[in-house]
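Chain naming follows the written order as A, B, C and D, and within any one chain the residues start at number 1.
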Amino acid sequence: MSGSVFGNIFKVTTWGESHGKAIGAVVDGCPAGLEIDEDYIQSFLDRRKPGQSKFTTPRKEADKVKILSGVFEGKTTGTPISLLIENTSQISKDYSDIADKYRPGHADYGFDMKYGFRDYRGGGRSSGRETAGRVAAGAIAIKILRTMGIDIMAYVSQIGDIKIDLNNWSYEEMFNNSLCMPDKEAAQKAGEYIEKLMKEKDSTGALVQCMISNVPAGIGDPVFDKLDARLSAAVMSIGAVKGVEIGDGFGVVRARGSENNDSFRVEEGIVEKCTNHSGGILGGISDGSTITLNIAFKPTPSIFRKQETIDKNLNETEIEIKGRHDPIVAPRAVVVVESMVAMTVLDLIMSNTCSTMDKLLRAYDIDESAGQLLAAHRKFIED
Amino acid sequence: MSGSVFGNIFKVTTWGESHGKAIGAVVDGCPAGLEIDEDYIQSFLDRRKPGQSKFTTPRKEADKVKILSGVFEGKTTGTPISLLIENTSQISKDYSDIADKYRPGHADYGFDMKYGFRDYRGGGRSSGRETAGRVAAGAIAIKILRTMGIDIMAYVSQIGDIKIDLNNWSYEEMFNNSLCMPDKEAAQKAGEYIEKLMKEKDSTGALVQCMISNVPAGIGDPVFDKLDARLSAAVMSIGAVKGVEIGDGFGVVRARGSENNDSFRVEEGIVEKCTNHSGGILGGISDGSTITLNIAFKPTPSIFRKQETIDKNLNETEIEIKGRHDPIVAPRAVVVVESMVAMTVLDLIMSNTCSTMDKLLRAYDIDESAGQLLAAHRKFIED
Amino acid sequence: MSGSVFGNIFKVTTWGESHGKAIGAVVDGCPAGLEIDEDYIQSFLDRRKPGQSKFTTPRKEADKVKILSGVFEGKTTGTPISLLIENTSQISKDYSDIADKYRPGHADYGFDMKYGFRDYRGGGRSSGRETAGRVAAGAIAIKILRTMGIDIMAYVSQIGDIKIDLNNWSYEEMFNNSLCMPDKEAAQKAGEYIEKLMKEKDSTGALVQCMISNVPAGIGDPVFDKLDARLSAAVMSIGAVKGVEIGDGFGVVRARGSENNDSFRVEEGIVEKCTNHSGGILGGISDGSTITLNIAFKPTPSIFRKQETIDKNLNETEIEIKGRHDPIVAPRAVVVVESMVAMTVLDLIMSNTCSTMDKLLRAYDIDESAGQLLAAHRKFIED
Amino acid sequence: MSGSVFGNIFKVTTWGESHGKAIGAVVDGCPAGLEIDEDYIQSFLDRRKPGQSKFTTPRKEADKVKILSGVFEGKTTGTPISLLIENTSQISKDYSDIADKYRPGHADYGFDMKYGFRDYRGGGRSSGRETAGRVAAGAIAIKILRTMGIDIMAYVSQIGDIKIDLNNWSYEEMFNNSLCMPDKEAAQKAGEYIEKLMKEKDSTGALVQCMISNVPAGIGDPVFDKLDARLSAAVMSIGAVKGVEIGDGFGVVRARGSENNDSFRVEEGIVEKCTNHSGGILGGISDGSTITLNIAFKPTPSIFRKQETIDKNLNETEIEIKGRHDPIVAPRAVVVVESMVAMTVLDLIMSNTCSTMDKLLRAYDIDESAGQLLAAHRKFIED
C-alpha cells in the first residue's frame, strides 16, 4: 500500500501533510562526492514559495530546508540524505467547519474511501504542500544532471486561451512575473484574465511545457521503464495534472507517417535529427535530441463560490471554501515538474551505466585482454 | 537496467523479440483459485492477430498460446504462470538489407546507443510483436477484474480527422470492422482514408479511448503510485503512444474551476458525481465513477516511401522499407491498452486490501474485541 | 545504489549517521486507523538507550522520538509516518585523530572503497546508532502484529561460553539485567566475564534468540520471498551479525530425516506439530508453530588495545581507539532484532491478503454468486 | 504476493513446477554483448542432473535448456533472456495416492494454507526441481563475474559427522564423486554412511561451503542491501536450507574482539587482511578478501518409512512416500548455491557502478573540467 517511494536506483521517499509538523524527503542512492548545501536547495524551494504576487496565496511560509544527514564537509557521502522543512504558518481553523464535507474536485472522498478517515486540514497529504519534499529532493537530482551538461527547463506556456508567442520569448521574463510565462505580453494578458476570475470567485487551468536538453541517446529501459512511460508517471503524480504528451503529443492523431517521422543526419560527426516530432524519445529511449513534454493542469478546485456536495453521512449539502487558495496551480508547479523530471531522468541514467558488458567492465577497470581485476584501492591511492 | 517487469504485487515479466523463437510472459502473484485455460487467453490474442482485414498485415501468425505452469486442474495455483507463444512465421530476409540503417521513427538508433548493437530483424524487442506477451498476461488480469464486476473497454475513437459519432454508437460494430471503431459510418470513412494512404505509401495516427467501469472508490496509492500516474506509465509504455489524458485531459487548460469541478450527490444510497470531468480519478485515487482515458497513437513509422536516414557508420543514406507493415497501429493496440490498464488496476486493487487496520484484521479473521487469532486452517476446514 | 528502503508493502526508509544532526525513519504503507503516539515508540527506543548499566556506554543520549507526519488525532492516516530522533550528545573530538585510519573489524575501509571518502565520526552510517530509526519504525510494526495476536520476543541466550539455563528461565529477569538474559545466574556470570574482559581491553560475542508466536500458517512468498529468506536478510542487515539459523539450524547437518521431520497432528480441531525442528517454517512458509531464530553477534570491534592497521595512504600504522564503546553489542541489539523481525513478518502478512481469489473478493465484499460489486461507501456508512 | 522475482538490476524471474510442462527463468537486465549459448548453460544444469550416482534418483531427466530470446548472433542483446527446460520424465502416478496428505517436513501444509489447494504432484512449486531455472539464470551471472575475474566455488564440506580434511583437499575430486566432496576419503566414508541410511529408509543433512574470490572491496548497499544480508536471503531461499553463516559465523559467539578483528596490511601496494574472521565482509560491504559462507542443509524430508501425519480433512493418518527421492539434498544443491550467490553478487556489483559522482561521470565520458558531454555515438563510431 506504500506509494511514497519513487525510483529504483536514485530513490526518493517523501512524507508530510499540509498541517502536520513538517514536510520532507529522504534521498537514497545519491552518488557520493556531490557538493550540496542548504542554500542551493533553498533556492529551488523559493521558486515554490507563495506570497510572491497578487495571484499567489500570502501564507508567509518560511519553507526553510535543513539537511539532516548524508552530507559531510559539504559533500554527499552516498548515505541517505534527509531533508526537512518545518511547517510554520499552518492555521487549522480555516478548515474545521468543512471537515465532514467532501470538497468537489479534491481527493477528500477518495481518501475517506481508502483510509476510513483523513486529516482534513488543508487537504492533508493531498495538499500541494506535499510537493515541497519533492522539490528539495529534485534539486539534488538537477545538480547532478547539470554536472553532466543536462538541463531542464519548464514554464507556463498557456493560461486559459492565452498562449505565449515564441517570437516574444524571453527566458528572464519567466522569473520576472509570477505566472512563470516567458513572454511579457502574454503574462500581462493572463494576469488580467486571472484578476477577472478572482472577482468571479473562479480559477483557471494552464499548460506547462518542459524541455530537457543534452540527454545522451540510449536512456530508458524498455519495455516498462521506457523514458516516456516513466516521465509521464512522474508528472502525472503531481496534483492537478490531467494530461501528458511527448513531442507532437495528441497532434500525432491527425498526422501521417511521412510527416511524423524524424529523419537522421550527421552534422560535424554528431548524429542529429532533421525534425523533432518525436519529442526526443523514440521507442521509449532518448534519441539525443531535446525532449519536450506538455503537461495539462486543471483549474484549482478550491474556489470561493458556494458548491453543492455531500458530507460524510451522505447528506447533500453546500460547501463554501474559505482560507487562502491560488486561482491557478501551474506557476507554482513549474519547479515541481522540473524536479520530477530530473529524478526520473537521473534514475534512468544511473540505470544505464551497465547496459553493456563493455561499460560494466570499464566501470571496474577490467582489462579484458589481460583478464585481470585491478583492485579499486589502487585507483583510490591515485586519487 | 532491467525494464521488463511490471507491477508490485501482480507482477508481469515479458520477454521475446519479433524474430526470436518465441514471445511470452510470466505472471507472478496471481491469486490462487482462478479458473483459466488456454482458449480463454487465446481469445484475447486473436483480437491482436493480423490478417483479419485488408488493412492489417497478412503474416499468418498462428500466435497460439500455451500455459506452461501455474495452473492445475483448471485453476491458478498462486505460483508463477508462464505463457508462451511460438513465433512461427518470421522470415528474416525481409530485414537484412537494412540491418545497418536506422529507420526513421523507430528505436533502432536508441537501441544501438544503449546496447552497442541490436537484433535488427523486424525491430527485435522494439517490435509491436512484443505486446503479445502483455496481452496474454492481461487476459488473466481482465478475468479477475470481471469477477469483481470491473469492466474495461477500449476502442478507436478517431483516425486522422474522422471521429466516431456517439449518436451512431454500436458496441458490436467494434468487432465487425478491423479498425475497432464502434461506429459503422466512421469506420467506413476511415477505411477509405487508409486505402488512400496506402496508395501513397503512407500511414496515419489515431486516438484510442478506454473506459474502466465499476472501479471502487479508493484505488491508487498516493503520491507516486497514484492511479492516474500508474495508468499513464502503463499505456505510454505501448509502442507508438505519444500522449495520455484522463477525463477532460488537455481540455482542462481552458477550463474554469466552476466548470471543471465534479459535484457529489447521493442516488439511492450510492455516492455519484453530477459530472465527470475528472475522468473517474481525483487526487490520484478512483472516485467511483467511470475512468476515461484518451491515448494518442502516432502513425506507423514503417512506410514504403524512400526516406533519408543514416547508417551505423554515420553515413547519410536512403532507406526503403519492405515487408509487411500496417498503415495504422491503433486497431491492433486496442487489446494491448485493455491489458495494460487491467494489470495496473488489478495491481493497485490488490495493494489496497491493507489500506486500513480494519481491513487487515478482517483479512485474518481477527476479532478485535476478543483479541484472538482464529487460525486459518479452521476456515480451511469449513471450505 | 540505494540500500536504505526495506520491504515491499510496509516500506521503511531509514536515514542518519552517528554524528549527523539526527536519525530517523519514514514508514510508508502503514494501514490507517492504528493508534500510535510518541510515548509508545519511545518505550522501544529506551530499550536501546545506553547508560543503563556498567556495561553500556554512558553517552547520555536523550534519544527522544518525534512523530512528524502520518498521524492525526492519535491514529495513523495511511500516509507516510516520519519519525525523527535528534542527536544531542555527539562529541566529534573523540574521533578526529583516527579519521585517516581504518579501524579493524569496522566498515571504514569498505566505505572508503565504495564512496571515495566517509564521515569518519563515530562510524557514520555504519555506526550502531543508525538502528534507532529501525527501532522506531519497528515499534509500529510490532503494535500491528500484537493486534493480530502475534508476539515477538528476543533475548540474549549466550555470552561467550555462558549459556542461559531453561530451568532458570524468567521473562522479567530479562528486563532486570542490562544483558537481556532471562536467567539471573547466567546474567551474573556473564557480567563477571565481561568485567574481566573490560579490564583486558577486550570484548565478547553473543547469541541472540528470537521467538515469534502465533504467526498464522501460510505466510511467506515462495521462492525468493520465503519467510526464512526474508528474516535472514532482515537480521543479517544488523551490524555485527555473522550468522542466522532457523529452528535446529546448523544442527540439521548431523541429523537424519527420521529425526528432523516434524509430524502433524490435530489437537481440538487445530493443526499442530509433534516437534518443531523446522523452527516454524517449512518450505519457506510459516507452518503455524512458533518461529525460532538464532542470531550470532560478533564481539564489538572497537576495543581499547593498540591494534595494527593501515591508513588511507596505505601506510602501516597503529590505532588506539578512544571514546565510549560497549564491550558487547548483543544486549542493545535485542530490540533491533525484534524490530527487523516485526517489519518482515508484517510485510509478508500484508502481502498474503491476496493469495487466493476468495480472499481478494471478500476484501471487496464481492458476493460471487450474485456477481455484484457492493460499493465501498455503503460499508463506510455502516461504520 | 509475488515472490518469484529476484534482484533489482540483474532481475531473474523463475517459474515452473515439478510436474508441469516445463521449468524456466527470464533474465532481465543482463548487459548486452556477453557471449552465451545453450551448451554453456547446459553444462551447469548437468551438474544438477540426477542419475549420476547410486545416491541420486534415476529419473533420466534430459533437462535440456533452450534459449528463446535475448541472444542474437551469439551475444546477449540486453533484452530479456528467456530460458526454458522441458519436463520430460514426470510420472504423476507416483503421487496421487498421497494427494490429500501433508508430508512431514514439506511445504504441503503451508501451501494449502496459503493458496487453498496445491499441485500435489512431486511437491509442485516447492519441489527441488524449481531450482533448474535458477541454475540456468545463474550460469549467465557466473560468466559475467568470471569475465571480471570473480570466481565462485561451492562444495559439500560435511555430511552427518563426516567432515572433509583440508589436508586431503582436491578440487578435481569434487567432480569425481557424486557427493561433491573435495576429499576422496571423506567422500568414501560419507558414501558408506548414506548407503547405510538408505537401507534404514532414512536421509541425512549436510554442510555446504561457498567461497567467492576477487570480489572488489566496496560491494554491498548499506543498510538493508548489505552484501551479507542479500547473500543470506539468496541461499536461505533454496529449499532445505536452515542456516547461513559468514566467515567464522556462529563461532563469533565465543570469540573476543582481540581474536575476531582482522588487521589490515599492505602487500605490494595491495590492501590485504592478516586474518579473515569476517569472511570477506565488514559492515555489510566486501573488504576485498575471500568471501566465505557456510550453509546448513537439512535431511531430505521424503523418506520411505511410514510416518504419522494428517490429511486435508484434519484426520490423523499415516503416509508412506514412494517414488524416487535422494537421501541427501546438498550435492545437487551445490550448483544452486553458486547460482544464487552469483546473481546476488552481480546485482550488487551492477548497483555499485554509480556509488560516486566520479564513477557516474566517467561512465558518460564527462570531462568535468571542460563540462562537456561527449555524445555516446562518438564512442560508438570508434568501436
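The definition used in the following text is that a residue touches a chain if its C-beta (ideal position, glycine included) is under 8 Å from a C-beta of that chain, and two chains touch if they have at least 3 such contacts.
For clarity, every value in this text was computed on a predicted model and none was experimentally measured.
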Higher number of C-beta pairs in contact (B-D or A-B) found for A-B
Relative to chain C, the most remote chain by C-alpha centroid is chain B
So, in whole Å, the Cα centroid of chain A is separated from that of chain B by 26
Between chain B and chain C, the Cα-mean centres are separated in Å by 42
Rounded to the nearest Å, the gap between Cα centres of chain B and chain D is 36
By the touch definition above, chain A meets two or more other chains at residues 1-5, 8-9, 14, 29, 31-33, 78-79, 113-116, 125, 216-218, 222, 269, 271, 288, 314, 350-351, 354-356, 358, 376-377, 381, 383
Contact graph of the chains (line, ring, star, complete, other): complete
Within the complex, chain A is touched by chain D residues 8-9, 29, 31-34, 76, 78-79, 144, 147-150, 214, 216-218, 222, 269-271, 288, 349-351, 353-364, 366, 368, 371-373, 375-378, 381, 383
Chain B contacts chain A in the complex at 1-6, 14, 102, 104-111, 113-116, 125-126, 130, 158, 160-161, 197, 200, 202-207, 216-226, 228-230, 232-234, 236-237, 239, 241-266, 269, 271, 274, 277-279, 282-288, 294, 296-303, 305, 307-310, 314-316, 327, 351-352, 354-356, 358
Contacts from chain D onto chain B in the complex sit at residues 1-5, 7-11, 13-17, 20-24, 26, 28-29, 31-33, 66-70, 72, 75, 77-82, 84, 112-119, 124-125, 313-314, 350, 376-377, 380-381, 383
